[in-house]
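Next, two complexes with chain A in common: one pairs it with chain B, the other with chain C.
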Partner chain A sequence: MIEERFDAIVIGAGMAGNAAAHTMASRGLKVLQIERGEYPGSKNVQGAILYADMVEKIIPNFREEAPLERHLVEQRFWMMGERSHTGLQYRNDDFNEEKPNRYTIIRSQFDRWFSREVQAQGALVICETTVTELVSDAYGKVIGVRTDRAGGTIFADVVVLCEGVNGLLGTRARLREAPKPEHVALAVKEMHFLPRETLDARFNLHGDEGVVIEAAGVISKGMTGMGFVYTNKESVSVGMGCLVSDFAANNDTPNGLLEAFKNHPSIKPLLEGSEVKEYAAHLIPEGGYKTIPELFGDGWLVCGDAAQLNNAIHREGSNLALTSGRLAGEAIFQIKSRKDAMSKQNLALYKKLLDDSFVMKDLKKYKDMPALLHANSQNYFLAYPQLVSKAMENFLRVDGTPKLDKEKATIASFVKERSWTGLFGDAWRLARAWR
Partner chain B sequence: MSLAVRVEEKLYQNRYLVDAGKPHIAIRPHEKPSANLLAMTRICPAGCYAETSSGQVEITPDGCLECGTCRVLCEASGDITWDYPRGGFGVLFKFG
Partner chain C sequence: MKILVCIKQVPDSAQIRVHPVTNTIMRQGVPTIINPYDLFSLEEALRLRDKFGGEVTVLTMGPPMASESLRKALAIGADRAVLLTDRFFAGSDTLATTYALAQAIRKIEQTFGKQDIVFTGKQTIDGDTAQVGPGIAKRLGLLQLTYISKIAECDPDKGEVVVERRAEGGVQVLKTAMPCLITMIEGSNDVRRGALGDTLRAARAEIVTWSARDAEIEDLTKCGLKGSPTIVKKVFAPAPRSEKAAFIEPGKNAAESADALIAAIFTRHPALEADMTKLASGL
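Let's turn to the complex of A and B:
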């Protein structure tokens, strides 16, 4: 039984929770962080790409200590056909810089390290403990939590909910609704281990250079979804995800899609001979700006995936989690410094800081994209990739057909599939939602 | 053509601490499953849901990856109840 009272209780030791706990503890606040896993990271799943800028704002010299895999020098966007891919590939030696911008990481290892940093700042971190309930006073202000360990309520001035996309506490306390099937994607992922030299040779990498492949197209069978391949030091993370609502309405299994992706002729040679050591699944918030719930109230804040803070278009999530956690910590510290109450009115500062940051600005920019891609998934994820593949084949295959006839045939195939109105409509809608 | 690897075989790679006798997901007794509950026999990435010979859906959550997909699809309707496993139990990701 924990008798003492805390300035803040942080629920969860993922990116958002560790950022919040570190920010507050390093400013002298008395912080309790509760994690249900055996160790921080044991329940956390991500691709995973880490964005240095957002970590630096919390731990400036993290590169010296953190378990990083590879810094990214190359990005491949692949539009997948049945047996083909049409790629946009970008590689830049300037990414081999003294302080690289993006890294691949292995979440359970990174989170463990991050948690040690949090503890070094003086936060009390307890694992293997599930928070079962938020405790409120007669006026509805959150004043503490109960856990599945013996003992009663643990009290704090404020509770920071960093419980992840599948967070139960906030929904049970009616602070927000559970995610809707059309607002979350289910991703499955495997860790494929390969000797470092093999991996370097296959992906054209030297030293700690890394590459990311993001793939969309027929692999999701018309559903809103994507596949990915991320290179770690001695392993490759391979995954595939689609909206839960699409899975419910179609006939495919997540594992079946992943297996098909792994066996695609463009992917298979990259994984040849690998040893698989883990199979994971996780939900990804995909609803964007329009599905962000209330972010604060009397005695509580919510950060990261639990608040749907994920940029599905740019595949950014951990950086939004890190930033929202940090800003929650800063807001609480400011309020505490003024000796003010952790009331809804005062905690609105967190929302203001978020609104002024890239987090809300980016999510607002793409506010119409999730609905557009969902409503037109058959076109954007199936019809167009097939047409592009056919067009590329037509362009490259030399068979005596005059070029003008080839071009006419390609244009005709697009018009036949989508009609001129459809083509311009799709382009217009996409451009407008992107803006 | 290569054969797809079955989910059951994949789960052997994972580390679990099963809370024996305390499943964290429960299905409401039913005669005929709802469309979403039946869909879980296909969608659950860990293959925890299965249809019995008499047409009901049952769950063995030992291999659960705690993704929450079934919660998103079946909790609001009351088809299932979803809790976290007790602290320290459930799937323990080595890499995550």
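Let's turn to the complex of A and C:
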């Protein structure tokens, strides 16, 4: 047992944990952060896109120091057919601004830098140490943590759980249930290295400009999922993910899907000649608003992926983690400043701050989307992409068929596949869930 | 007892490669570790301290980032860490390295007291010379015990140590007087995992950081590239010797597949076929 007491113990050094630790340490709280990886970032996996606004709220001048890859100037949404894609592409030179809005990053580098900033604020960060359980008093209030090291029990006024998507600790302590297979996606990604000039030419980029391709359609074989291609400075992150329950039901593997995605005629030329140097896998919480567990209790708070705070529709996660970590830190600081106890009643302030932020508002907006996409995945991820691809081919191929006949054939193909009621039903359900 | 352990931060050689075209070592993105051999020495030093009391100091020479390795050593249980870092040390071979380290050890003895044992690893995994330990011993006039597999006895009062040394054809049991220099071989002990208290202490510890001047190293011509008569003329990756693998189409059944496999082997090694046929006909 360690005699020394801390104001707060933060478990995990990912986005949420670093945001919470930084927020509290910079306000003068005595913070201990415990990370199980060899160094902060060594176990953290993300695509990864960083949203500047949420980092700025913690470290305003982060752009000067942080290891950033490219700022994004272009987004491509691709609906994938078997050998085709129908794309929506948006590029804007205004994204080449002094303080760009979105960046690609490499988490192992970014998180390491972020942790140095946390330490510079005075937080004590220890690595290669796993928290094995939460320690509670006779009344059930969390008062500290037990670690896997000798003499490894240590106490604090409050414990902030930023342990990631699996949330083993919280589950073990019965603060919440383990995430269900239909509420988490399993994503795999590879880092493909290419010479910078090749990458710039291939993706039409200059300087530090970057592009994002997000792809959905037949590549997920009717399962709820998608693929992505992100440009880094000298590498391309290529990944693919689907709901775990879908993988189980279809007896399919994520690496199998990724191989097929990489070999899709629209993707393959982008990766040609590259060297794969990294392979990673990660679970992503996708259940949305309805799967958010209890966020606070006597002596504890939970943030980020562990709290299922992820916006699957907009593929935002790290910004929700950063914001929830920051708000947890602010709530604790406010309670501490009033010299109040870290009771459930007082820590409800965290939930209030979160409810007032974009985090809960966005998740609430899309509360019905995850279930809808899951229940109708065959239509949204297989049938429609195939129909759209066929329609585009029909529209573009010049073969002497009168245009009116072509249009009729296209409409007929949609009606045949989904029927009029089905088509309107799908549109209505989607529109309602989106609102 | 006062014990000093020299460690080195090295690239994890399991993850290092030689560039196929330029023949240079590709260090980029290769993680660094404490030279694995040094950890056996560190553990042995900690065991002696735990048994007889005293303190263990770890010393390294390297760029500022080498402090990461020192902090790890502190988290394992060392009491103090000294980093010797200066641009004058860049490009040191083993002669220049031992000069600088020996001077630093003298300075450590002035500052923190006389050391009973200096430990180093058997060798490093990046240089593989096994010269630095003996070099330090020579410069400091210490008795040297290399390739030690076990410290059998230690008597700080009498100033004696008995060790087992791996040697050709067997094990030597050697007794010597302290102060001495010991290099441990791999597998001589199981390196411990520091307690939670050690990791907290390590995270907070001030690492003693010395420049050449701080360590009172006066003759800079004996340091770094200037003081290094050894020059790396060429680095290359040996050409892989393996032959190209062949794929054999599986037959309808196991027997057919086996026939195809044997045929393929015999086609490549006719001498083997002749031998086997001769052998078979003799039966």
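We adopt the following convention: the second predicted complex is superposed on the first by the 432 of 435 C-alpha atoms of A that agree within 3 Å, B and C clash if a C-alpha of one lies under 4 Å from a C-alpha of the other, contacts with A are read in each partner's own complex, and residues count from 1 in each chain.
Quick note on the criterion: contacts are C-beta pairs under 8 Å (C-beta built on N, C-alpha and C of every residue); 3 or more make two chains touch, one makes a residue touch a chain.
Computed from a predicted model, the values in this text were never measured in an experiment.
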Superposed partners chain B and chain C on chain A - clash or fit: fit
Contacts of A:G152 with chain B and chain C, given as first, second, both or neither: second
Partner chain(s) touched by A:K233 [first = chain B, second = chain C, both, neither]: neither
Partner chain(s) touched by A:K30 [first = chain B, second = chain C, both, neither]: neither
Partner chain(s) touched by A:A248 [first = chain B, second = chain C, both, neither]: first
Residue contacts on chain A - larger count, chain B or chain C: B
First, second, both or neither for A:E4, with chain B first and chain C second: second
Chain B versus chain C as contact partner of A:T129, first or second or both or neither: both
From chain A, separation angle of chain B and chain C (C-alpha centres, steps of 10 degrees): 50
Chain B versus chain C as contact partner of A:K390, first or second or both or neither: neither
After fitting on chain A: smallest Cα gap, chain B-chain C, Å: 7
Chain B/chain C common contact set on chain A: 127-129, 147, 149, 277
Chain B partner contacts - residues on chain A that touch it in the complex: 36-38, 41-46, 48, 106-109, 111, 127-130, 147-149, 165-166, 168, 178-181, 184, 186, 188, 190-191, 235, 244, 247-248, 251-256, 259-260, 263, 268, 276-283
Chain C-touching residues of chain A, taken from the complex the two chains share: 2, 4, 32, 124-129, 147, 149-154, 277
For the chain C and chain A complex, residues of the former touching the latter: 29, 75, 193-197, 199-200, 202-204
Chain B residues touching chain A - in the complex, by the definition given at the top: 1-2, 4-7, 10-11, 13-14, 17, 35-36, 39, 42-43, 45-47, 65-69, 71-73, 75-76, 82-88, 90-96
